[in-house]
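Please read the structure below before turning to the comments.
We call the chains A, B, C and D, going by the order they appear; numbering starts again at 1 in every chain.
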């Protein structure tokens, strides 16, 4: 496997680093053509499942309950419920949500409270029940499991008839080394499954390619779920997402070539919190985006406007913060499809994407991945 | 058409972006010569119309009424009234202005209020009346129409005897694709007109060149009108203006060559809010600048110091903010021509330009486009 | 000695500067492998002394008393007591600590107060007593002396039976030139000693190499001890630490080659205040890190949460500030080894390192020095 | 004259800009040698005049009165009185100072008040009296005149027996073009003088070289006098000072060569407000620094802690702000030579320089101009 060289920097004698770019450094340049907004399609398809908008939700309890997963499905996207979250730990999670919301009334709820409520064990029968609720609503169903608990929880998940399985941790590799018994072999695990799998996060070309070779239908690229993440301060890990997406898109192209036609979808994940960031991620080469934090503005969000990501609940090394609630900006449908009554890029997320595509002359997402990009310029 | 390569960056494997520069990154370097300020000319001419200062106003209702367009003309610039703004929607827009000013007394007026007042339809007979008022004052008259409404509104505009027609949207291309009936063909439309047309905005060499080929007398370069714009957050689009101006100046030169002598004027538009930014835009190659926001400090500004741009009023996807009023800094003439009693670069906008040209030894604007530039250094 | 060229910039005609990178510009990229956290070792050994965590404390009175040096030793690191600090100037320093804490109750204690309390002379017999106290506890003992006072204080230090001697100033060279009598000859001084010496700070390849040639067991790289340092404003000196570490690692490699196998340890020093920074420093090539400021959050910290570094106490040219106290984040052991109840990267400092190593697939520190690096991306 | 190329950027097609560096981007790197602070000399000599410290004051009324010019001279530097400032406009300027101080008690005094007090005409006999006062004290005397008024005021200045004449404007060229009568011919004017002349500001290699060819003994490099300047916002002009100094040092070298030995001193001017900036300016190649704003902290400063530069008083286009008073940091001698009781780099300005030179192993200023430089790293 040949990886062509690109921007490298010699940070000190004989020690090199690649130069990476974050989404907010890379912008879209209008080209010589424009198009009617009504002629533009934002549709996306993975395996047999077709979506009107390229949205995969973050599996965050703050924004995804079975009910909101259904609402996301009805709006044209894919809601992903966390199979290791509050809905599968608690028979009735509403009091827990209330506790977090009340703790966050004036300041962000303390991380230690998150740690505490996530001590409750996961119950497989609750997984079954939650998936059933979503299935019964007729939307495409997806749940997320962590790589560590995949083998343990997968039977319940699969038995319940999920459509898509999301195996997601902050960082997932196709080669996990352990001396404590056998590690999950993603390749053989996925080969044995009947449902398509989305797996990640990956941070560079090689990891993305290796995950594609496991047989996954989609690969999540990026390690951070939101702007409250602190993986940079805690772990020294930073993944400039524009570069990671472009690298993964190169892996997708190379894997397509090596398999003679298997197209693995690239799903971008990390601080995609405005419609501008959504457009940028797709322009860099993503097929879909994983969005979480902005959905908390929807009046249906189970967290009532409070935000946290699951890494913030880690028992020994939390790697993200929480935030006090924000006021609702309307229904989930309005957040996703407009109309917007504010101009901060946080409502009408996918209507804005459609308009960006129209203003730059592109008809569909696959074409839009070739739009001209520019580095530089002042952010708003 | 050959476009020479320039600074490109490989953001990820095989995905490239150009490096662009914003106006505030590019500064003017004094050279080995200085000149008396009284020996400097800032005059500018487009078609048969000559102006003492290279000012084209933004067609923003916050700063341009028929009366201020007349005052701008008398001060030596070109005022552009929005033919789709408050003055053509309302017989008497003063109560609407008052409503916005009162709503903005303590905080910026809400975008939703803007959306509401702009729901009122445009009346062609008001267009006629407003143009007549400006013509009667003896100044060069110009109004702006959007590309979408050009065919519908142009008859009224032309019948009223406008001198210059400005066809302006955030992003305008010479090739608009639609499946919903025929699109405006700029080339044949302009060919049929008797009045010169200014068209834009364009963001790169190709779009600028294509717009020049429509027969336009001037091309607006840039997509953002002010520092309250949120096109970056909402649409992921950012146009580093210094680079866009230089690219458009290259298109101007190539078009001059391909036509054997047709000079199309480049008018820079985007966060030109200080005299320093005006000087930078011209130094990068612009023939004139489109200025809006700083004019709200003039005591004649119809918005009374409140600011908004028309994109902030979009019914489904507003892409700009509003601002609370600022105190008046003197008359419109003082804002444009001084003297200044403050040192923030927001008054005596064109007196400062004249002084910059003198301090760097240039006699006129065409020469000044060749001044030495530097990237870097700390802003004030 | 050949130093390969690297990133240089011509700041003006024929005047060049190297481009250096700070730790927070350089991040760690997960690679294609992951590993169990329990399979990772953070152990480190210098001379005959082995440590579970690669921690050498800053010799700051704000965080290191004989008691906390012992606690650090028990947690697996190396505590370094300042042989020219409060514990060797005062028989009972507790009232001085109290005075500083009270002066800092609302605002940072004034630098002039620091200058005053450090006027008290150092007493050799107190050095003896403090070292004895640490030895008696059974931990590896280390004290710091300044190069200026090394010859005067070393006899007392050595007689007391210290395990490691740290000769440290802001900037230390192997070639100190003086016309005022003989300068300390580090090479002959170290050759005569029975205990291993750590010496520094050094800022580039050559100084590091020269210090290695003195026979030192370890070299401190970097000049600033904390983010309250003002060496930049006061002296115009700035040492981008990622580059300095990589340069020193190159010197280590070259010295290993020229001696046929002597490995001198590189200890990074300068604003290493989060677990992320610790991981970055080691990833750039350091063998261990010198940490001070974050330890003030330990409930055992003698300064009670107030922070100052010894350069802040300089009688004529203080080069650092002080800070008001912060609340305790738990015991010293919790700060170093967790669990963390916050997510700001300031507790569980070395547990986080272990997890970073696991997530990027490395087994030990020496391997981890080869992890992939990236420049760019947005900090938390 | 051949100017070697250096860092250029193509900001747009065929439009280039040089990349310039500001002082705070360029830092000093300690080298392999250190030196005793008492073995270091900061002495500097221009023409027959020798100074212990390389300080030329800004000719700002806020900090230079005849009395403070004398105090600067006694501390080893060169005080420059503005021959067109308050001391030559008013027989007794103290009430004017009081008025400014009172107007600035709570907020910065308004620029319009400055404009007003500087309307009073300059009186040649006051120039004579002020120079006499300084001469009588036995220090080297220097006054500043603007290029516009040089011919008119020089007779009085020279008759009064000034030692050094400073002809200084924001931007001064050796080739001023005017259609309004004859311009000052610097070359013939300086040739006819008996006293050495310092002239400037210049911003690049060519202007500096041309000014050297006028016969000047020193050239001021840089256009901005302080961090309250707004030449960037008002005029679009920015001079990255590190690059301008290095360019002027190249001109100095080339002029030395072309004349077979005439050494023209380079005096850096622009936001040199900390001891770190002083060290940086000299390290980039300056022979001396022009310092103004930090001197207002001296208890002798006539402005009582208020600050303004003369460009802030321009009648039509002020290009700088004013500031409210700061508390005194001690005597002028303490500000210049220490000891410091704070660590912000604003006292003991030249003691700090001496220490930087010692820590990097340099004996005198001429050697120190070769010290290693680094770009990058985080400022304090």
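The rule is short, and it goes like this: a contact is a pair of C-beta atoms (placed from the backbone, for glycine too) under 8 Å apart; a residue touches a chain by one contact, two chains touch by 3 or more.
Just so you know, these numbers come straight off a predicted model, no measurement behind them.
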Those chains which touch subunit D and also touch subunit C: none
Same vs different contact residues, subunit A with subunit B, by half of numbers used: different
Label of the chain whose CA centroid is most distant from the centroid of subunit D: A
Intercentroid distance (Cα basis), subunit C paired with subunit B, Å: 56
Cα-centroid distance, subunit B relative to subunit D, in whole angstrom: 40
Residues of subunit D touching at least two other chains: 19, 21, 243
Chain pairs in mutual contact under the definition given at the outset: A-B, A-C, B-D, C-D
Touching residues on subunit B, where the partner in the complex is subunit A: 9-22, 24-25, 110-112, 115, 170-180, 183, 202-204, 206-207, 210, 223, 229-241, 243, 271, 312, 315-321
Contact set on subunit A toward subunit B in their complex: 3-4, 6-7, 19, 21, 26-36, 38-39, 205, 242-250, 253, 274-280, 283-285, 338-345, 348, 351-352, 355-356, 359-361, 372-380
